[in-house]
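Both complexes below contain subunit A, partnered by subunit B and then by subunit C.
Up next, the complex of A and B:
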C-alpha cells in the first residue's frame, strides 16, 4: 500500500488568540477531500502548514512522501496551490507569470496552459492588475493546473466568484480529478461546492477537526425525523441523536447514526413517524459544529 | 537545482525592479550632469542626487519586500517549488543588487563629475560620508522590512532615515576635517572621515545581517 498523499498527525499551532489542536488528516491518491469550516476555523492555517508557509509547533506533516517543512521544495514540485487571497504581480501579464512558472516547474505543460487560456477566456498579454476577481482566480488556477501536479490544494478558490465563473472553475476541477493519480484538497465554507466535487469530507471548527469521513457515508448516516409524540408517551433514547426539539406533540430529532430500522424504536414506543428526511451537507455541517460547540461548552 | 532556483527568483525580482532602477539611473545622471554648471545647479543637482537614491531605496524595499507580503504575492511565489530559505535569500540578494548597483554606478559617476569639473575635489570627502550614509540607510530600511510586518516600523525607519540626512549634511559641513577642504582642490582623507564612512556602512551591514538571520529562522512566512 502506497503512502497517503497527505498525512497530518497530531499537528498543533498556537497563535495569541487561536490554536490549531491535534489535527489529523489523511488523503489518498485519487481522492478529493472537502475541508469545510466556518471563517476563522483554521482551514487556511492547516493548508499553509501543508505548503510549509507556516510551520507547525508540534506533529507530523508528510506530503507526497516528504516530511515538511524540511523537504518543502521537493514536495512542492508536485503540489499546485491556489488560495482566494493569493495575488499575482499586478504590474506583469499572465504570459509573464506563465513563463515564470514554466521556468521554475519542470512539469509545466505549455499545451495544456494554452488550452486553459482559451477555456477560461483569459488574455495572456493583459496586465494582472486589470483582471477581475474571477479572472484572477482563473489565472491562478491555470498556473497551478498547467504544472500537472499530483496534489492540488485549493483554499476557498470559489469565494467571491460569480455563478458562471464558479461553474467554470468547478467544471475544470471535476475534469482534473478524472485522473485517478491526483488528489485534491479543497477548502471552503460553501458546502454546495464541496458537496458537488468532494468524495471525502472533513469538518473543522475552532481549530479542531470535528468530523471526517467519506461523503456518501456522511449523507447516509444523518437523518432528521419528524415525529408525533402522543400525550403520555416519552421519546425513547436513540443512538447518535444530537438534537431534539419539541413543539406540542411535534418533535424533530436529528441523528448522526442513522441505519435502516432506526425509526422502529420510536414506532415501538408509540411515537408516530411523519417523515424521515436526508440532510444536506450544509445542514450536517451546521448541526455538527453547533453540537460540538455545545459539548465543549458543557 | 537549489542554486538555479535562487538565481531564477533573483532574475524575477530584478525584472520587477527594472523601472525604479532605470528611473534612478536617469534621474541620478541628470542631477550629476547639471552640478558643474553653476553654484545654484551644483546645489540643486546635489540635493536631487540624494533624493533619487533615497526614493530608490524606499521604492525597492516597500514594493519588493513589504508590499509583496501585504498583497499576498508572496503566497504565490511560495506555492512554487521554492523553500522559504531560498525565497528569503533570493529576495535579499535581488533587492540588494537592485540598489547597490545603481548606487555604485552613480557614486562612481559623482566622483568623476567632481574630479573632472570645477567643483572642488575637497568635497569628495563630504560626498564619501554622504554616500556611505545612503548605503547604510538602505541596509537598515531593508533590515527593518525583513524584521517586521508592521507598517508603523517601516514608516518610522523612513522618517528617521530622511530626517537624519537633514541633520547629517550640516553636521558634516561643520566637521573640521571636512569644513577646511570644501574649497580645496585636493581631497584629504583624514582618519575620522574614513572611520565615519566605514562605520556607517558597517552598522548598516550588521543590522541587515541580523535581520536576514532572524527572517530565515522565522517559522511563519505568510
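Up next, the complex of A and C:
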C-alpha cells in the first residue's frame, strides 16, 4: 500500500515540434497534486501518458501499482479521467450517460451522482449539445466523480467555470481526499486553485519539470526583499537569488532559498531592509519559468 | 458542508496555515473550545475550509508544538489541558499589556530605562507600599 499512486521516472516523448524531457512525478495516496504550466508546456501530454492514451518513448510509468502501457486495462478501472476534448454524445442526455457509466462501472454511486446533479445545478434530461461549456465540464466531472475511482486525473477541471461552479468543484475534490486511499492529479494554469487545495505542486515548462515539492515548503522558501542600498554599499550575494532589480537606492531581490536569518547578511553589509514579503504561487510560478528560460537560453 | 467553525480569508495576505492557527487559538481563548475539546480531523477541516490537507496538517503540528493541542495517534487532536495552555495564552496577554504600556510610555516621552525602572518598582511592590 505504500507504493505511490502515480510514479513517473525518466519519461520521454518526442514529437516533431515538441518534446517531453526526463519527466519525474510522484503522487501519494491521500494527496492532491496540482500540475501547473503555461499552454503547450506538456501538461496534457503527460496526463495522456498516465492514461496510456499516449505511449512514452522511454521511462517508467506506474499508476496504482501497474506498469503502463502494459497493464493499462487494470489500472484504468480505478481512474476517473476528465479532459476538455473528451466528448460526450451531443444527441444524448446527461441521464443517458449516467446510465451508461453505471452499467460499465461497478463502483458507480447513484446516490452521490444524484446529489452532484443538484450541487452542480445540472438538468439530467437535457441534451448534451444544449449544455453550456461550463455545464459540459460539470457533467463530465460528475460522471468521473460518481464512479468513486481511487485516482482522479483532471485536465484543467476549473477552466471556463464561473466562480460558484469552481467553488463546488473544488469542494468535491477536497471531499475525495477525505478518504486517505484516494488521490487527485489536476492540471491547471489557474494557480489560485492550485495554491488553495494542492498538497504537492509540480511546475512544467517547455516539456520539462522545472520545480516540484510540497506546497507549504514551496511557499515558505520564496521571498521578495525590498532593500535600501546606501551609496558606497554593494549588495552582497545571497542564497537562491534568482532576480535582482535596482533603481536608485532601492533594490528588489527575489530568492527561492529563504530561511530564518536570511536578512542578516544584508544587514551586516550595511543594506537596509524595508520589507520581506511572501509570494503568491502565481508569482513563484512566473519567476520560476522566466528564470529557467533565461538559464536555458544562456 | 458548513461544519466548519473557522473561516479562511482569501483577501488576507498571511499564509493560510497561520490563519488557521490564529483562529483555533481564538476559539480556545474565548472559551468556545475548552480543554479536552476534540478538534475536527485534519481531513475534515481541510474539506470544510477547502484548503490543502498539508496546510491544516502544518497548522496542527505547530499548535501541538506550542502545547495548545494534543494529538494522539489514530484518535485525533484535542485542546490541551488548561495548565500549559492558559499559561501560554496569559503570556500572550501579558505581552499585549506591556506593548500598550510601552506605547503610553513613548507618548509621555519616557526612555526605555525609565519605563523599565517603573516596571521594576511595580514588581518589587514599592508602589503599593508607598501609598
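Please note the rule applied: the second predicted complex is superposed on the first by the 297 of 298 C-alpha atoms of A that agree within 3 Å, B and C clash if a C-alpha of one lies under 4 Å from a C-alpha of the other, contacts with A are read in each partner's own complex, and residues count from 1 in each chain.
Going forward, a contact is a pair of C-beta atoms (placed from the backbone, for glycine too) under 8 Å apart; a residue touches a chain by one contact, two chains touch by 3 or more.
Fair warning: this is a prediction, and the values are worked out from it, not measured in the lab.
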Quick one: classify A:77 as touching subunit B (first), subunit C (second), both or neither.
first
Mind working out whether A:51 is in touch with subunit B, subunit C, both or neither, as first, second, both or neither?
first
Which one hits more subunit A residues, subunit B or subunit C?
B
Could you say whether A:100 touches subunit B, subunit C, both of them, or neither, answering first, second, both or neither?
first
Is A:198 in contact with subunit B, with subunit C, with both, or with neither (first, second, both, neither)?
second
For A:219 in the superposed arrangement: first (subunit B), second (subunit C), both or neither?
second
Taking the superposition as given, does A:170 touch the first partner, subunit B, the second, subunit C, both, or neither?
second
Indicate the residue numbers of subunit A shared between its subunit B interface and its subunit C interface, in ascending order.
none
So in the complex, the part of subunit A that touches subunit C is made up of which residues?
30-32, 167, 170-171, 174-175, 177-178, 180, 196-200, 214-216, 219, 278
Give the list of subunit B residues in touch with subunit A in this complex.
2, 5, 8, 12, 16, 71-73, 75-76, 78-84, 86, 219-222
Show which residues of subunit A lie in contact with subunit B when the two form their complex.
48, 51-55, 57, 69, 72-74, 76-77, 79-83, 85-92, 100-101, 103-105, 140, 143-144
For subunit C, which residues count as touching subunit A in their complex?
1, 13, 15, 17, 43-44, 46-47, 50-55, 58
